[in-house]
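Going in written order, the chains are labelled A, B, C and D, and every chain counts its residues from 1.
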């Protein structure tokens, strides 16, 4: 339904052309400094009209915080917030009324609910993500303040234009590669994971941290736009600084929650974590991340094929994953399709459409990642703090108990 | 945690070497004919020792139904079930006690809980999946009886050995392909989705529906086994006959629930639905699934890049998706790694290990798919049956209301 | 937390003096006619300032529906709504800042959150109930339209002024009564349950359906008001027309959900259903509700000590229950108490206070009852409609199967 | 459904005459010492056949722990447990097959599920409570070890035989009392709450801590037994040592969760907390619990009408509440009623029946109380430990922030 999370919980409402979209964020720890600007920054990165590559709807997307905060400090009570729908132009869609848009949600919403919003599959609109982005910004304010967690997403491909494999591993190694060949994560990628920042990502409108590739991606999107067509892409995200121990066996493994969160974003088609699909081709002897004592005395792994998660639980290494976004379904060129009643015909959508959603998807991915990590932090803190109140375990073999020195 | 689902809900318990593993299945519709054999069949497909490719532990895995059924009919009350752990040999693992196994869950379980089972990351064991497979078998009994839904998974790759691209699409089209080229789903793959059965899948021990490829996969696994190594692979799954309207916007989109379910299976690294990652490279004009009136008068789509889900809601077409499983972490060859206290050393695991999990993962994938669909069926039936009791809508424009004839 | 319900789910936000209070209602069946007035009517019955017996804060409490509805028809998507806090006068409370108000939530909120709203235990404010009342009004619109369900609450006592025992049974029979004496529900009470309407309840400001008693209650409240004191009371509620089969064994029995809902209303101290505490004194032979075939051929019970619920499941008879509300904690007379730091002193609250909350509690009780019934209707409809799709049961003894004729 | 709790979660299965009844307890903190005897003690207090006042079914009710524990220490993973149904005599009930037992769950189960167990409303059986009692025993092991929390329930009335009002307050003060009269909690009751132990409670088979009253209660039950009749009663429970801050505004107030838990126990009809219904008659000026600095420097309240909960949150004082249990529906005397098909007739139940359930209800009440407190402890520990990691609040007025010294 429209609620996500167990202890840190966001519930959203709103479709494209109603009075407002908004959210209630419940379970935010009390005592967190929070200003509207903390939320607005990510909302502005999400909003359309940032460039000529995205939809020209000029929505200000100003957030109005309603509750749960006084004098800039969270009270621990629910934070209500809303963003008004300033640009309500439902008539733009009137020509399409007889046709369910191919690969859009018009038809399935009608199948599901028996009735649909005049704007089509209203809640499937990208506009619904405003509530998520706002909630995610609140979560990450906490995660940054307490754990120094940093969440940075970037565009790793647009259509067939991918980041160089040295910068970001491919989905699969080239077919001709032999799995007996040493096949490590590239040093550039490891460095990228460690250092990439939002500032760097935002240096170009594509949000791709490799200027040359970004320029090629721009051209690819403009080509789609000129052709009244659209194109997909992938977003890669890294979460740095996550404490070990997050993720709830067995059904709520950390990667399962991340996959759930990411596949709940409109237009997503795939998710992979760590070595992902490519990792299916690498023998265990190479794929295993051996343990080492790190310089600061803590335990870590030499490599990070696991993507920071083992057995569904974070291990303290960087968490990274990739999400695939399909080419937007709404295009302006004519499509041969059928009306709701089955009559064959041609649909030419009007209105304002994104030829490619991945640049704007970046803050949405970051938000969903924040929501997952935040919820898991609270759940694990419940366990950890409650277990810590018990007497020390003295009756178990030492290999069954966490060394206190660790 | 250890519960999955909202209205059809499974809760599991048990680790590798405790008294039993089991589950409670709550919310099963009353009046469903159910015999132990309905559950046993899938458990037996999951159990180890089926061939020399999998772990030789000969566990009978006989299910004992405890409650919720009388005279072979479900009562609607919770179904308790358990499978005894007959082969309890914890000592096999004793050498490893000083070492967290690389890429296994030993270390993260200790980080999370501060204490761990003597068998290591106990709940991360494949043995935990018994409860899921049993629950899934019950769900699919219902889905088959009422909707004729068929769920069939099969192995689509082992290491670099993939099904031919004509039979099953690759994760990405070859790099040299141009996205202006017509790039349809192959007729063989479309046919495979429509016709593949479990009987056919089980014709070889790999569970790959292409004998020649299966043979190559077998050789690949034996090579890993001989090398005291392991290898990963992918499983593809199709769900046929799903009614339209399943999936709960916005956070519980059908693909999000499937992704959650699949990534909760041990050793999974990736998930993609429909066109998946490859679909990110295909322009919208080609990727869109145009609507058609089908021979029986119902609405359908010409193509099925969407994988049967649009806007997070099933559209009645075949749902298909692929899951990536990493190479098993437990291997018998020596690994340079560190002990829990950080001391560098060499670990050589003993015991019985699967060199490749994908053949046994097939019924687990089917089970998780069943659980997701079953839960969504109940939730949508709640809405649909409740909405059907309201008076017909007469005040809305006809394009906003589902035609009754549809 | 701030969410109630499984399939019909309300989430609320807001405290006394923030920008607004509001709610998101998720899971409302699509196709329900819904106008703002449907919500406003109950909000206006709840709002303060209706008489000189309640707090004189003149809040208009106008509801603003934000989403989920078009052309007066629900879309099945979340309904966002809010009511602005027009009368924000936090300074009224400034004198009390050093003192936690006795039996109020100031101190416990500070213990729980470590920080509190300037208005004190903000979410414990009666103002928070606005979201519930709005959500309940939507639920009952559905329940009335589909099942003809009627929910009517009324004031059954104020302080020691109770409805005559012939009209409404006492909590306990007089001590001198012998349990061998025939002790039936009075015909007047049975008739009251069958016929009472909100219109009749609203004929006096007390919302007590017995004019003479209402007058005595009024005098009692005025006496409390004059004494700068407060007084409690009870509200009795009947739900007519509930279909049989609602309530989820075992933890979500219908009475358990009702008790949960009612005790979540501020200032409540007790709940009893059907014969309640008095029923603990009546022997089983008198207390049992024998079955009869009713005039229309359906099954019913001769008496209704059970209050319409047996084994946690509705049986189709009237559901009735009573809720106790304590005397409001905020009073204007001086109280000897201690400051937050433990310093003894005297607190004399200023501001506007209700001397008695029960008249205004009536619509809140109705709302919470609606939310419980609505959620259970959806859950049971999921089961019932899903089970109905299975083949008829032919292999069970007839006494184990519901007769189809029933 | 059959799951209770959010972070500490119990799921139960089983009806009267199936293979076993059992439970899965998920979320137990790791590192808790736990032996079967910890669970068995309460199960044995619950089991039938303890005296000639309760049903003579001699079920051993031996618990079998399946998982989640090694070497007597909890692992943090789910604890599976079961108790075999040794005394399976479904034929005892065969005569009743044509009749739904009045005020029992036979009819409503059939209405709800369309099919029912041969034993009648199987899950409404008292036998289902075994899983709860086991889970509660685990919870209270933790609560005792960490917080020194003590939970003691006792029988406060059987039929019209009540504890003396000096020992335990009546549900309502005598009608002739004037609310202007000083009306404090009696010192005996305050002392009882502070000192009562299970050992003392178990000194008589009634579990009533007042020998003379216990004797009268015994006679009352024997009178019911001789008359082939049954009688109800009340159980009062105190929870000592609960830390302040438990309970989740707004829908999961601590009293709301307790009410939910208690009304989910079979045969319950009412719940009141603290002053309860009697408190509705006491003016606020007398009913308010003024704050004092206690001898140890901490804050407390002079009186405890609130029952240890204010604004839905525990305040550190003793929590106490009363639950009403109806007279058991199953009686051996002939009852005029109707068969399932509506045919009027006479039902004389055979088999073994409890003439009064309250003595055996005592450990069930304690168990449900444990489950509620445990779950709330974990949820509050999540918040508290997470908030404690934030920097100290320096920008708020001191009256809005909890003094660190407190």
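As a working rule, contacts are C-beta pairs under 8 Å (C-beta built on N, C-alpha and C of every residue); 3 or more make two chains touch, one makes a residue touch a chain.
Quick caveat: nothing in here was measured; it's all calculated off a predicted structure.
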Pair joined by more contacting C-beta pairs (B-C or B-D): B-D
Per Cα centroids, the chain farthest from chain B: C
CA centroid of chain B to CA centroid of chain C, Å: 44
Inter-chain centre distance, chain C versus chain D - centres from mean C-alpha coordinates, in Å: 23
Chain B and chain D, separation of their C-alpha mean positions in angstrom: 41
Where chain A touches two or more other chains, by residue: 1-3, 12, 27, 30-31, 70, 73, 76-77, 112-118, 123, 249, 383-384, 387, 393, 396-397, 400
Chain B-touching residues of chain C, taken from the complex the two chains share: 6-7, 27, 29-33, 70-73, 76-77, 142, 145-147, 249, 377-379, 381-387, 389-391, 393, 395-397, 400
Residue numbers on chain B that touch chain D, as the complex places them: 1-3, 9, 11-15, 18-22, 24, 26-27, 30-31, 64-68, 70, 73-80, 82, 112-118, 122-123
